[in-house]
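Some structures are shown below for you to check.
Paired with subunit B in one complex and with subunit C in the other, subunit A is shared by the two complexes that follow.
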Partner chain A sequence: MAVMTETAAAVPVVQVPKRRSPYPASFFLPAAVIYGVLFLLPTFASLYFSLTRWTLFNSTFIGLDNFAQFLREPFLIKGLINTVLYAVITSGLKVVLGLLLAVLLTSQIAARGYLRSVVFFPVLVSTVGVGITFTILMHPTQGMINEALAVIGIKGPGWLVNPSLALFSVALVDVWKGVGLATVIYIAGIVAIPKDYYEAARIDGSTKWQSFLYVTLPLCRPATVTVILLSFIGGLRTFDLIWAMTRGGPGFASDTVASVIYKQYQAGFYGLSTAGNVVLFILIAVLVVPLTMLLNRREGHE
Partner chain B sequence: MSFVRNYWLSAVAIVVSAVVFLIPFSFIILMAFKDKTQAQLLDFSWPQGMHLWSNIVEVVTTRNWMLLTAFINSTILTVASVTLVVILSAMVGFVLQRRKTKFNGLIEFLILAGLMLPPAVVPTIWLLQGLGLFGKLHGLVLIEVAYSLPFSILLYRAFIATIPRELDEAAIIDGARPFDVFFRIVLPLLWPVTVTNIVVQSVAIFNDFTNPLYYLPGNANATVQLTLYNFQSQFSTSYNLLFTNIALITIPPLIVFLFFNRQIVAGMTAGAVKG
Partner chain C sequence: MTKTTRRTALTGFAAGLLALTALTGASFAQSTTLTYLIPSGADGVAVAEELVKSFEAANPDINIEIETRPGGSEGDNLVKTRLATSSMADVFRYNSGSLFQAINPQQFLVDLTNEPWQADVQDSFKQVVTASDGTVRGAPMGAAMGGGIYYNKAIYAELGLTVPKTWAEFMANNEKIKAAGKVAVVQTYGDTWTSQLFVLADYYNVSAAEPDFAANYTAGTAKFATDKVAQRGFDKLQETFDAGYFNEDFGAAKYDDGLRMVASGEGAHYPMLTFATTAIVASYPDLIDNVGFFAQPGDDAAKNGLTVWMPDGIYIPNTTSNLDAAKKFVAYVASVEGCEAQTRAGGASGPYLINGCTLPADVPPAVTDMLPYFADGGQNGPALEFLSPIKGPALEQITVEVGSGIRPAADGAALYDEDVRKQAQQLGLPGW
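Our next item is the complex of A and B:
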């Protein structure tokens, strides 16, 4: 209130010119400078540097050679395929498990608060810490997971040392860590559905399963769209978990584009590394933009 | 009937959640209590003797108190970046929501691009070197700010839409300048979403591994996440120390979680649904 009276007293003196907007564009300035210089500028610069052989001090224009190399080298193609595979697996599992958990955690069930907390907590924990922990737990002979499996008579696989399994193992850990976020998004979506709909469905004689199928599922579509997009983009960009767990190994079996970018950067192939970045931009644009349009269009029809 | 089924369902849920989520965390804690030889077995067993304190001392003092330096660095990084992000993005969100111009579409496009696209790493390093910010903590602060802005702006824009325009109009009629309208009237009203934003961004920046790895090389500048990475090879035979380190850097998120559980969930879902 003191603020109001103080400024009110100043009215005759200040006389704000009529044309100046009370919402000045200058408010954009600090954010725009930081974002423009540190994010947009490098992004545009990468389009040029991806076409060069680059040592940070000088660059030689070599056209599309870097991209040609990306499509020629088997381990780089492998990284490309792995990235898409990883994004599809993690986002698919997060949607299914997140929805199931959310339905469970919004139903009448004991210890709901405990369950919500315990599912969500891994989201907040350091990815590298989780990665290292699971690397140990997934140790082929000494790891707890395989020892537990041995007790019930199953010979556990070499989670991270088997080339055809390593990427999936990392994806599973990603789901373990990220499913809590999907769950809370779904919970927010489900609790927003008016109770009347369920009541109407019940009066019409629908079973619990039918209520889920015809009320919950269609009405929490916005949550589904969010979960798919978030985890799909996150999956395409993923780096830290893979780096903490396998470093892209064994061999190149679990390399993704993001880990390839880091490896090429470490090896000093800056041009190639940047080309990897551009490939990742293209991959995200090509996959995510149509996906967004598809998901939003379907939503409009319903 | 239904009560009985829920009873069983609850029991199953609690057991499964304990196996899937609690055991890995208990494993970390148990490992942190063990001595070197027992930790090497990598099994889920009760520690023989209490070695937590000696493990902590050893982890903290390793490499010239690197972990302590790292905690200081991470704290500075988190506090500075979050403060900047909150103020700058609230300003952008405010004007973006209130003022409709032909540039709004472009600005929104750039924000969405920032949410989707990964940063171009090597060109950023090249640029930071040119600006003399590479390998500097304040350089990384600016980087974290740049990368966190899009999400934060969307969060604020959505919230500002719920604050009636009449409020700022009244202040304007009373002669308040734009600066005062924002900092003395609008910003205080944004407090609930600001708390959420602070919590979500702090956790994200404190846990960030990739950006310090690229933009802040060198042991002197290590952040807590990098200590884990650096110790991974050094402690490859002393798992007790590695897990003590993991346990120690999990404490700050745990504290935040205990106090701000609700805000975190609200922020992540609100921001996510809007984004």
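Our next item is the complex of A and C:
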């Protein structure tokens, strides 16, 4: 979202002819000091420290060794794949489920307001709380999910302890927690579609399915773009839910770039974890900037 | 952050008080306030409170305020940050051994080599709080621990088993326990750190076969993957998994579940450090007599011995403004009265490292089982993390993988060697 508003704001600035600010420069000073001390300085300091072996007590300049080491981390490749996989799964499911829920919740159903708030409620709950709760629910032998499955005769899997399943279990919980936000954005998008289009379509003899396919879907593209971007960026930098549920485990099976970085920091490899943050920054930029351009361009062509 | 602010405010307040005393003349006895930083955790806090209470009774002019911090790696970071920013408490408790080396003791801690009480501290502990310049910088806080295997005595009696002296005997016992329909080995990977025990507690067996391993390992010439003896710890973990001895929920169970299982007989063996004895006493006091302990067996019954963990130390940072009072408190902790206060608060979990400290007669069987390894004719040796400054941070993830059948033991050992290299480089050791 921030990326979008910034680029949107940047365009008019270029076109409007330069005008003297009505405020004296000293008015900007407090904000400039805060920005410099809390944002600019740490950014450049982190770039420097990512090139050092740093113990908090002292730092030794070692050039690009940290980056070489980080990229050699045996689990980094797996972490990278997991990160992208997680982002794609969660944002994909949020788009599909969010749209379906929004269509349901904009239709004429009973208790619509109540149902809308129920869908949104998980967004408001603390992520760590959700993680701990689901860890208990997903316990392989005593968890409520597997006990419920056992009642109907199914032996439930080890949701979080099976290495090939753990990442997907966390992703599902993420979708449960985040789909409310996607739904709300879609509801806003659908409500904003003028009723005239639906009437025109009905006069032309379109079925409900065709109205959805040819009116609702194309006209809520801006909502789709927002949902994809928000959940994709959120998925790429996800950390809290994974850490609360599996700590990257079992072993390294559900590690993402963010959890690999955190583990380096925990181990006291401060330079290495700073280098990891620079890598994560580049990764997000490389994936999200082209995605934004692609989605916005299509929007322009409509 | 609030804590720091409050501390600063307190310091200011104390300074004001001091000025006031100076003004009103010497009629007041000067009272000093010390801060004492400890890791949080119910049993640790109880011990600290008892120590402070009895120390203050003997030294009415000194007040001690206890501050707590998180444990684990988060606590490591906090200690390092407070040392680096000169905001450390007057006295603090922290690990000995490799973690002690990582906080730059030479630069930040007061040299305690020539304190009179050092004469009563056992050399085995002095070694693990000695900075690289050969000076001793700490005093022992707590009792020595063993790394080995807790077992359920009721199951052993019921099946007629005897305490194993070799790995083959241990596996034979496991087979009988499994045949009787019980869980032979409890594993609790819900708390990943508990997965390391089979590897770490095997170190006595490594050092018995290869006395130079620690030195060569620090120098970068001995590796877990290429040294068959060192790799045995990883093999043992894989063997027990392959044989199907674990509890069904080993991937999700937690440390507390493990203690409950071995105490109640839901499981027969639980590899763990003996600090767990205190926790079992606290949670399952009526089951503690069912719990015994033995060292992790090696391949030779004649060389059966215990891998020993040294307790934490307490240290004084250079930045303290109350050095004399801080030294008095450290001297008290390192005295016989100090040991007695610790036993009163937390019960006895193992032998103390101060000469003259004794254990009460009614200690739990898990402690009694441990004492022969320390007595004459018994064999014990420190764990690798006290002989070498290097311990790889990812060991617990790797042992979870080996113990869950995700990765074979040999691969796990090789991966750990990679992990260790980072730590050695971070410490700036030569030869890496």
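One rule holds for everything that comes next: the second predicted complex is superposed on the first by the 267 of 302 C-alpha atoms of A that agree within 3 Å, B and C clash if a C-alpha of one lies under 4 Å from a C-alpha of the other, contacts with A are read in each partner's own complex, and residues count from 1 in each chain.
The rule is short, and it goes like this: a residue touches a chain if its C-beta (ideal position, glycine included) is under 8 Å from a C-beta of that chain, and two chains touch if they have at least 3 such contacts.
Keep in mind that what you see is a predicted model, and the values were worked out from it rather than measured.
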{"item": "Subunit B versus subunit C as contact partner of A:Asn146, first or second or both or neither", "value": "neither"}
{"item": "First, second, both or neither for A:Gln69, with subunit B first and subunit C second", "value": "second"}
{"item": "Partner contacting more residues of subunit A (subunit B vs subunit C)", "value": "B"}
{"item": "First, second, both or neither for A:Thr256, with subunit B first and subunit C second", "value": "neither"}
{"item": "Which of subunit B and subunit C A:Leu56 touches, first, second, both or neither", "value": "both"}
{"item": "Which of subunit B and subunit C A:Arg237 touches, first, second, both or neither", "value": "first"}
{"item": "First (subunit B), second (subunit C), both or neither touched by A:Leu41", "value": "first"}
{"item": "Touching partner for A:Leu104 - first (subunit B), second (subunit C), both, neither", "value": "first"}
{"item": "First, second, both or neither for A:Thr133, with subunit B first and subunit C second", "value": "first"}
{"item": "First, second, both or neither for A:Gly158, with subunit B first and subunit C second", "value": "second"}
{"item": "Doubly contacted residues of subunit A, that is, touched by subunit B and again by subunit C", "value": "56, 139, 142, 265"}
{"item": "Complex interface listing, subunit A residues touching subunit B", "value": "3-4, 7-8, 10-11, 14, 16, 21-25, 27-28, 30-32, 34-35, 37-43, 45-46, 49, 54, 56, 104, 107-111, 114-115, 117-130, 132-134, 136-137, 139, 142-144, 147, 176, 181, 184-185, 187-189, 222-223, 226, 230, 233, 237, 239-240, 243-244, 258, 261-262, 265, 270, 273-274, 277-278, 280-281, 284-285, 288"}
{"item": "Touching residues (chain side subunit A, partner subunit C) in the complex", "value": "53, 55-57, 60, 69, 74, 139-142, 158, 160-163, 247-253, 263, 265-269, 272"}
{"item": "Interface residues, subunit B side, partner subunit A - complex", "value": "6-7, 9-10, 13-14, 17, 20-25, 27-28, 41-44, 84, 88-89, 91-92, 94-96, 98-99, 101, 107, 110, 113-129, 131, 142-143, 145-147, 149-150, 153, 168-169, 171-172, 174-178, 180-182, 184-185, 203, 207, 209-210, 213-214, 224-225, 228-229, 232, 239, 242-243, 246, 249-250, 253-254, 256-257, 261, 264-265, 268-269, 272-273, 275"}
{"item": "Subunit C residues touching subunit A - in the complex, by the definition given at the top", "value": "73-74, 76-77, 80-81, 83-84, 102, 104, 107, 189, 192, 248-249, 251-252, 393-394, 397-398, 400-401, 404, 406-407, 415, 418, 422-423, 425-426, 428"}
